[in-house]
Structures are given as C-alpha cells and as structure tokens.
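One structure is given below, represented as structure tokens, and several questions about it will come after.
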Amino acid sequence: MIIEGKQKIWADYQKDIPNDHYFYVRSCIRQAFWPGSEVTFLDITRNKLGKDFYENPYHTTCGGIAYHSDTIPQETAMTIIARQFALMHESGYENYVCSCITSFGCYTETLETWHEYPELEAIIRQYLWDSCKKEFAKPKYLAHASDLIYKFRFDIAKQMKFPLVNVKTGKPLKVVEHIGCHYSKMFPSKGFGGAEYPHVLVGMIEAWGGEVVDYPERRHCCGFGFRQYFVQANRGYSESNTHKKFESMEPYEPDLIITNCPGCPYFLDRWQYVIAEQTGKTYGKNGYGIPALTYEEVAGLVMGYDPWDLGLQMHQVAIEPLLEKMGIPYDPKKKYQGLNGKDLGQPMCPSCIKSV
Amino acid sequence: MKENILIIGGGAAGMEAATQLHKMGLNPIIVEKSEALGGHIAQWDRLFPAFHPAKDVVEQMLDNVKDIKTYLNTEVTDIQRNNDGFHAVLSNNETIDAKAVILATGFDVFKAERKQEYGYGIYNNVITSVELEEFFRTGKDERINHPKKIGFVHCVGARDVKVCNTYCSKVCCTTALKQACEIKEVFPDAEVYTFYMDLRMFGLGYEDLYLKSQKDFDVKCVRGRVCEVSEDMDGKIVIKAEDTLFGKPLKMTLDLLVLMCSMEKNKSIDAIQQKLGIANNSDGFMQNKDMYLGMNDTAQEGVFVAGACTAPKSLPDTIGEARSVAVEVYNYLNK
Amino acid sequence: MNSQIFHPFVLPFVLGMAFVLTYCVVGLLRVIGQLSKDDRKKFWRSLVTPKTAWANIRDIVGDCLFHVKIWKRNPVLGYMHTAIAFGWFMIIVIGHIMLFTLKPLEGVDVEGFPRMFTNFYYPIFFKYFAEETPVFAFLMDFFLLMIISGILIAVVKKIHSKIVGVKRIMHFGFADNMIRFALWTIFPFRLIAEKTNIMAFWWLYSIDLFVFMFMLPFTRYMHIPTEALFILLRHAGLKPREPRKGYALAQIYSCPSCGLCIDACPMSVNDKNSGNTSAYFMKRLRNGDKEESQRIAETCMQCGKCVAVCPVSIESCDIKMSQREAVPYAINSDHSYLDAYESNETSNASVLYFAGCMTQLTPKIMRAMKQIMEAAGEKYEFMDKDGGVCCGRPMLLSGKTVEAQAMMAKNTELIKKSGAKRLVLSCPICYKVFKEEYQLEGIEILHHTQYIDELIKQGKLKVDKNGTNYVYHDPCELGRAFGVYDEPREVIESIGNLRKAKSEKELSICCGGSLGSFKLTQQERDEITANSVNDLMYNNPDEIVTACPLCLKTFARKAPVAVKDIAEVVATNLI
Amino acid sequence: MDFGFCLSPSSHVKMDNVDLTTFNRLKETNPDINTCIACGSCTATCTAGHFTEMSFRRLLLMLQRGKEDEAKKMIQRCMLCGKCTLVCSRGINIRKILLDITR
C-alpha cells in the first residue's frame, strides 16, 4: 500500500461545507436502532463543541425507504424532500445535515436531478405548493452528519479521554471502516475522499489513534439494501453479503468496525449472531463478535461518555471486550437499567456468540 | 526554394515528416519540448507484432533527421498568422517564420490514477504498460519480482464513459498480447491472464501474434473488464471481473497487474492549437478536415496534422501519415 | 548312400518340429476356447456345411498355396510367394510320397510301422539316408530351385523394394530378421548338402530348420500355419469381439506383415504416419503393446482400403473397432432427453428422406434432393428438416456400442411412425449404420445415388446431357463397404463424360475427412486430401463429383476444380 | 418460523483454488485447445445442442473455471456426430477432445 497515493486522492476529494449553523434531520432507522447515536451527535456538536444545530419537530422521513422499495414514485420522494428543505428555510437555515446515508443519497440525487432537469424542479415546486402550501427552497450546503464529525475530528481529539489504543499493549486498535453505499458511490465528489478510498471514517480513526484496516472486500455492501432484507426470499442474499465481508476481514483480526450508515451497523452486528447460529463461527476472539459501532458512538467513547448512555447495550455483539481494551470504565450492573434507573432485566442471550 | 516548415513535435510523426520534407528540398524545423527526439517510441523496447526492436526504427529515424534544424527542450509559446505564413515565438525567445505548420504533437498516456478502482499509485503491484515496457528495456523495476500470476487489463482509459473516453485506443490489445508473451519469456513459470473487452487484432501479423500468445505462451484471455482491485494481507493484488463468456464473476489473486493505458490527446499543445484555430473532434483529439482525403488538413489553411494528435494510431499508421503530410505540405506550397 | 537310419544331425529338426507342432495344437485349442459359445457352434457347423466346406478348401489352396490375391495385385510378388509356399509344400508332399518308393534299408526292420511315422525326418533329409528314383529326383530338384528363385526375389525386394513395385516395406526387429535369414538359407543349404553330401551342410540345414521352427511362433511367419485356421473361422461368419482373443487372435497371427496395406493406406502419404497402418497395428497387437494399438486404432480413418488390398483378408478395421470398444469411458452418455423429441406428424409420404448431421452442413445437397424428388413427382417427407437425431454411427465408431442404441432407437421409432416404405439417405456414414445396425423390416434403405439412378432408369427423371468431364470419387462407406460403384457412374454418364481417377472403386483413396479417425490433425488430414485430389485429377476432369457430404466438404478445401455432390449435378441438369 | 436466513454460496469463481488437472491433461495432448476464440460455431451447429444446453465452448470454460462436474454432466448429452469439429474456425479437433475428457 502506497499511502501517498491515497493521500493524493483524499486531497482531491475535499468538499466545501461550513462548520456551523445546520438544520439537522434524523434517520428513521437510526433513531429506532441506535437512539444514543443521534443524541450523542447533538450533544457533542452543541455542548462539547458549541455549534448551532437546529432540529425541527415537524420534519419527517425523507421517503427513501419507500422510494428504494419502489412503493412511491420519484416525484413523491422529491416532494417530501422539498418539504424538508422548506422547513429548513422557514427555520432560517441554509445548511442542511442529515443523519441517514440513504437520506443523504436521496437529497444528493434530488438536488442533482433538479440541477440537470430544471423543468422537473418546477413541477416539484408546484407539487410542494399544492400539497403543503410551502415555499420552495434549496439548501446552500448539504452535509451528512459524519462529514461534520470528520470536520470536527481534531476538535474531538483535543477532548479525547480514551484514544483508539489497546491500553494493555499500547498498540493502536485495528479498525475496519465501513461506508454506506449511498454516501459517495453514486456521487463520488459529494463524499470526503471520493468513492473508492473514502476518507470520512478513515480520518476519524487516524485522528483518534486507531489503525485502519484495508481488506479486499472493503468496498462491498453490508448486504442491507431495502429490497434485500425486507423481502423474506432475499434475506439469505443480505446475510451472505455480510458473511463475505467478515470472511475477508477475519485474517486482519480487527478490534472494531466503524460505520456511517443506519443499516450497516445493524446488519454487521445482527448477522454476526445469525452466522454464529448457523455455522458456529464467530469473528472476534474467544467466542465474541467484532463490535460494529456508529461514528457517533465511537466519538462518544473516545470522549469519555458512559457506554450505557451511548446505548451500546443495543448491540448484539458484546461491547465489553472493546471497553476493556480501551480501558473505559463501565458498570456491568447498569447495562440493562432504563433511563429512570430501573432494572429492565437481562434479555435472553444466545450461546453461540458471547453477549457479555 | 528553401521554405521553412515548422513541425511541432519530434516524435515518430514529426521526424518522419521532417525527413520527407527535407528530401523534397524544403527546410523543416522541429520544435520538441522534451530533451530528446523520438517521442514515446524511444521509450519502447520491442514493437508488435513481430517483436522488432524499437531502437532500430528510432535510430534510423534519428539518423534521417541529423541534418535538420531541431530545437530541444523548447516549446512554441506564441504563434501568429502573417501575410507570408506563420510567425512563431519559442520558449527560448527565438522566433521562426514558417510557410506552414505541422502539428505532430502525438498523444499523452492515460493517467492510470484516474481509474481509481484499479489502485494505481496505491497498490504496489499495479503498474502500467509503459512501465512494463520500461522494465523490458532496462530490466529494472523493483515491483516486478518473479511474479507467479500476472494480469493485464485492457481498455484502461478507453471505451469507458466513466473516464470520458469513449473511443478505442487501437494499439493496446496488440500491445497487451505482445507484452504478455514477453513477460512469459522472462518468467516462463508465470500464469498470464489478459482481461479484454474485444480483442481487436486488426493488422497484418496481429492475429498470428494472438495465436502465438495462446499456443506458444499459454496466455489466458478472459473476456471481461476488471472492475475492482484490492490488496490482500500479503500485499498481493485481488481482482474481480466477470468472465462474460462464462457468465460468472471471477476472483483472482495476482502478483502483478498491468494496466494497458490508452492514448489521450496531448494537452500541452492546447494553447497553441487554440491560437491556430483548430478544434477538437468528438474523441478530444485534433479535428482534421476529413477522415478520408483530408486527414492531414485542418480547418486552417497552412496548418497540417500528422500522427496520433488526431486519433490513437500505431507506428506504421503514424509513419504513413507523416509521409502523406509531407506531400500535402509540398503541394500546398506549390499551389 | 548311408546304411543307417539315424544320424545326430537330424535332432535339431526333430526338436524344432516337436516344438512347433505342440505350440500350434495348444494355440488352436486356445483360439477355439476363447470363442463365444455361439461362435463356436457356428464354427463347427460351418466345417460340415457343404457350401462353407468348399469355400474353405478353395481358399486354403488358393490363398495359402498359390496366393491368388497377391498375383492379382502384383504378379512378381505373387510368384515370389507361390514359389516359396507351393514349392515348399510340394517338396514335403513329394518327399512323403517318395518314402513309399524307397526300398527298406538293409539290416533295419521297420515293417509293421509306416516309415513316414517312425522316421518322420526321412523325407526331409532323404538324400542322406536313401536314394531316390530319377522322376522324383527331378521333381524335388525342380521345386527346390523354384523355392530358391522365390527367395532370390525376396532378397531383391528386401534390398530394393521398388524394383518389385513396392514403395514401403515393413521394418522388422531382430527376431524377424533372424528367422527370415534362416528361411532364406534353409534351401540353399539343402541344395548344397544334397549335391555335395558334406556333413557340415546337413548340420547347417537341420539347424536352420530348427531356428525357423523354433522362432516361428514368435514371428510373422506364424501366419503360415495360422492362415488356414483363419480361413475356416472367417468362413464361419464370425466377428472379432475382443482385440486379442479368439477370432481376432487368429487374425493377428495370420497377418504376414507383408506390408501391402502400408502403400494402400491413405495416411501413408506422410511417411511419418505409415507406422499407423494396419500391418503395424497387427504387429503391436501381437506384441501386446496396448497403448500403441489403442493409439493406432483411434488414428485410423476406417476407410477399409487395407482390408480391400489384404492378401489374407485380415479384417483389421473390425479389430480396430473392437480395440476401441475395449477401452472404458469414464462418463456414461445420457441421451434420455431424446425421449421427449417428436418429429413432424405422420404423413402419407412413401419416401422418407434423412439428411443426417453432415448433410445439414451442406444444404445444397438437401436442396438438390428436394428438387429431384419434386421433379420425379415422389411423395416424400424430410425427416430432419429442422435438425434431427444423429444416426449413431459416430458413436459406434468411438466404440460406444451401447450408447449408440438410444439414437438408433429414436430414429427407428420416427421412421416407423412415418409410415414410409423407403428411406433415402444422402450420407454414406448414415447409410452404413442404417444398413448394418438398424432393424427396419419392410423398409427399403437407399443411398441417394441408388435412388437417383433408379429414378432415371424408370424415366421419372429426365436429365440433360452436356459435355462436362466428371470424375467420381467413391466414398469409403458407400463403395468399399457396400460395393455401390455402378449406380453413381451410370448417373454421371447420363449427364456428362466420366473420366477415370487413378485409383478407383475399392482402391479409391479416402478424402481425409473421415469421422473414423479421432487423432488425425487438420494438417495430416489436409495431406491426405491433397493426395486424394491429385489422384482424382489424374485425367484432368472439369469437376469432381462425390456422393458424401463429408467428402464434399473435405475436397472443397483443396480441390482445384469445383466439387459437387451427385444430387447437385443431377438437379442442375434436370430437364 | 422461517425468517429466510441462509448463507448462499458465493457465485464468484475463485480462480486461486481452481483445479485445472483435467484441462492441463487435455492441453498436453491437444495444444489446440488454447486457441478457442469462443465464436460459438460448435454450439450453434451441435446436434445435441438442438435438444439440450450442450455447448463445447462453455464446456471448455467449465474445465478452466473448475466446474468439472458440470462439464462431465454436459458431455453426457453429446452424440459425437462431429459437426462441431467440421465447423470449428480454429481447426480444433473437438471430437477428440470430447473423447479425451471422457477417458
């Protein structure tokens, strides 16, 4: 590997986004599966870094799930998006940041489509008025939430308490970065580092002291794809894709997977259990899996947030070995306590992959 | 009559045109931006289809132009049309007044980094066809270390809208099979695969080369474009391609991957070309007047083109055009 | 004259004779033992059936003694063989008759025993022991000289074969050379011994006989005793079933390695390939060289010319087929997909035309046949208009007898279902298998040469006579296999002038395209084709006519003039 | 309850692990085997191909891509009629190769 070659590409693919005053929209999947992630994002940006990130309670889904599942036409999806942008405009913002990669792809695609086909934009403008009586507006800057963590990675590093280093050996943790397909594969120039060698997560890992693992199936999709997982007949396809990635990364013995998409951490996490059930194989050491975390969770960990406040108990793959490697203190008793401090009880745990 | 003819470019086309014009009693002047004449062909080891040493051809051409006025390390910085032809200013501040201008500026080799998924410049064992030729010529390249499995990727930067080149680069197929045979000569135990889209073996002796590569050198041709390259733990190259004849995707670990880089228009001449008022054709090369009878003429009277500046060309094509441009210029001056 | 009945010099002969007789009896029992039960029954029956018994006698005398077939091919060689075989035979016969004319020797009482049995070496060495009468003396000397004259020719042939009209002769190993030397010297030694009565020559004569008889079973000269057995088995109507057992074994030992098939074989056009001819195949088989015999068996084109020229009528093609069958295949064929195939609905056509795979590649033959049948007003149906099922012959040629059954069964079903009473074929390859292997009772099988000839003779087809000079190539599987020589020639003569090829009819040279060979390369085939074309061009014809789609395709590669199928020639000259 | 979870085998031909023993054996006795340009004439003319998926072109590829079992299954359909050999533009002795595979 010639690192200078990658650095040259990273230098070529730098996008221009402001570092403050954003209209923040959530992700359908992430707020359900990893509720701690979005909370942490807002906490870090607002409270730790002192930035202005505004959230409007009236924003909805971007329509991406329905769009990619072929249940709504593109015009409908675009009108939903136009409404989101209108909300941003009404709130007095011109920088738009979304938490979801699917949304990011839809927003980028929509903006590009309007750019290429102004007549379509005119139609959507009309639809928006007809349906919502809202004024059409486009954001000046569009960013994905991971772009901002990337942008603030050195600021976060300054407040870092637990770098991505194995406290026992002193060696950097080996971290796999997994980029959501719709981040830059469709529009390489819209992602930090482009499509082939994205820098967005690599930059975080390097800034926080980890060592990036580049393995042959790095580019491969996690296997989610709405039409894969949602259709029962295609679930094997979804699982097989994840399996392919794990088989490829296994020899590198990664300590952690960091992702920036809603579905990827979910499937890279849950399929490890399913694969273990089916084949008896686990990819971490001693019967554990490899934790697959969101970038906010990793940012939170290095900044010293309590693992349970970050919601890491939501992961199927046990997080404890990683916490121990990083030397992060945690209270095992609090793992299954609710926000009100009440014990929720330990869920049923599988025997094929270690859960604690 | 000792009319000046300005030839921009001292490669095969420029040298051959100068040679012919000189024989016709004209006064060609070659302006070459690099430090030596010969162009790309001077960097080549052997020529397809019969493995003829390129050196022999280049030396002969150099010998032919030894009496011709030549500027090396020099570029044309400005050119104006005047009543009697053209007035050119060179980067060494000299000026040339010429009756006619021949653009023999040739081509640039496609920058393989642009095809990012092939990882040229990122993975150690991904090299270009030009570098492999350099290895054949000098025997030196630390990346080529007794490879056991070698892959050649055709059409790198050609027939590919993703890099904005839709044209076929004409010589890469034959070059790939030539190099595949040559690398088998150097490493007889190696397995050699070529990944092609169509094998365009169009010239005299080219199909024989193809047969030779299959029969004598056991070169395995796989129809399908390599679409993804990565590196494994040992630093070997892992490629993915579809065997389109078999209808199944392939995965293969290689010790060396050679990218058959296409020809692109030489962009260093763009400013002068613009000043002369010559447009580009749909492939981004210089537009000549007519594909058939006006291949050396341009939209501008007195400005002629020869060689790979108008389209990818083989050496015999280029020499043929260089000779025909000499006749065109001669006729133009005697009009 | 010696007054004794024994001298030690006869011992080598006695030993040799005892050995060779024992060997032959054991060998005979072995061959008969290896025959299948049915074959053995057939064999016994043929010996007492008057017709076959007569044929046995005729051929044993004609072939073994007088070598009639060699006379036909090459009188010099014929004389050579007759001189040696018949001369030797006569010496033995006369020698034995003479025994009765000799007076009993003094002091020896041999009465009560036929002398010829007690002293069976007497007729061989009689001049040492007794005096003969003048008439017999003359006869004995005459035949001895006849033998020696034959041997002289043999010596010439060995030194310079072209003088006796043979291009290529076989190359032999040590044993064969040695026994030949023994054979050549037996009779000169005998002559010298008889004339000079020098003891040393009597010894040499006897030792030579010993060498000859002792080595006989291990050399090609074994054909002398075996050929008679082979003739009997052949007339019994047997087929070789295994390449080295029973009937085939008798043939292997009957092959005299004369090498006549070497020149005849189309492959010999390239000297490198003359080792692939039948003479060498039989030799490899005899030596038990399985790999080489398999290789030659698979290289052979099965054109049958070696069989046509063989003076002993060795069925080498059949033995090669049994050799092919002997090698097992790792993959069993599965042609069950044919079950679902149905051809066109039954029609009331009286003639069913089957083009076959090869004719599918020469559509002009199919078109010509259609024109011809239309013109003749025949009620016909094309059986494989849109591609049919292979006839099965290529599969049989590969030694896959069982596998071919699936295709043959399907075709039989289709043919019977059609209700047609006549089946016309364009491809001799198909013709052979339909004639020999298919069970199509009540359906007449015709090759289109025969069919067209019949249509013309019946006046159903009228053809225009023109001045074109044609030469006709006999396809192997039509000519040599079935003797269809006259019909095509008559058809051609009704249209144009028929020029002769250099080699015709049963001597016709295979086109080189034969499906019979697996191993020949394109280049080797091209050499054969070029040679065959040269032979056809001997009388400068304007066009080459053949009656096989494969010959047509093959010749088209190399011929300097147009190559046409006979149907095509007829169709273009219809009135 | 069936959730549809399953691991499907990779469709990739893993060229690193392909066993070329049969193909290399054939190549030794039939050097022409390399010269196939996949024109498909053999498949188009195939008598068995009229009824089945028999294709010599694919069969050669199967052997080169480690699908020997599929190849052997396909070869069962062959009628050995020899049309493929007659039409092969590269002059490959296809019929012999087919027989050699079965030995």
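Going in written order, the chains are labelled A, B, C and D, and every chain counts its residues from 1.
Definition applied: a contact is a pair of C-beta atoms (placed from the backbone, for glycine too) under 8 Å apart; a residue touches a chain by one contact, two chains touch by 3 or more.
Since this is a predicted model, take the numbers as computed values, not measurements.
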Field: Those chains which touch chain C and also touch chain B
entry: D
Task: Report the chain whose mean Cα position is at the greatest distance from that of chain B.
output: C
Query: Which chain would you call central, comparing Cα centres to the global Cα centre?
result: D
- prompt: Just curious, how far off is chain D from chain C if you go by their C-alpha centres, in Å?
  reply: 39
- prompt: In whole angstrom, how far does the Cα centroid of chain A sit from the Cα centroid of chain B?
  reply: 45
Message: Using mean CA coordinates as chain centres, what's the gap between chain A and chain D in Å?
response: 46
- prompt: Can you list the residues of chain B that touch 2 or more other chains?
  reply: none
- prompt: Pairs of chains that touch, anyone?
  reply: A-B, A-D, B-D, C-D
Query: In their shared complex, at which residues does chain A touch chain B?
result: 1-2, 4-6, 8-9, 194-197, 214-219, 251-252
Statement: Within their complex, chain D touches chain A through residues 2-8, 10
Task: Would you pull the chain D residues touching chain C in the complex into a rising list?
output: 45, 47-48, 50-52, 72, 75-83, 86-87, 91, 93, 95-96, 99, 101-103
List of chain C residues in touch with chain D within their complex: 327, 329-335, 337-338, 340-341, 357-358, 360-361, 386-390, 392, 394-395, 397-398, 400, 407, 513, 515, 518-522, 550, 553
Field: Interface residues, chain D side, partner chain B - complex
entry: 11-16, 27, 31-32, 34-35, 37-38, 57-58, 61-62, 64-65
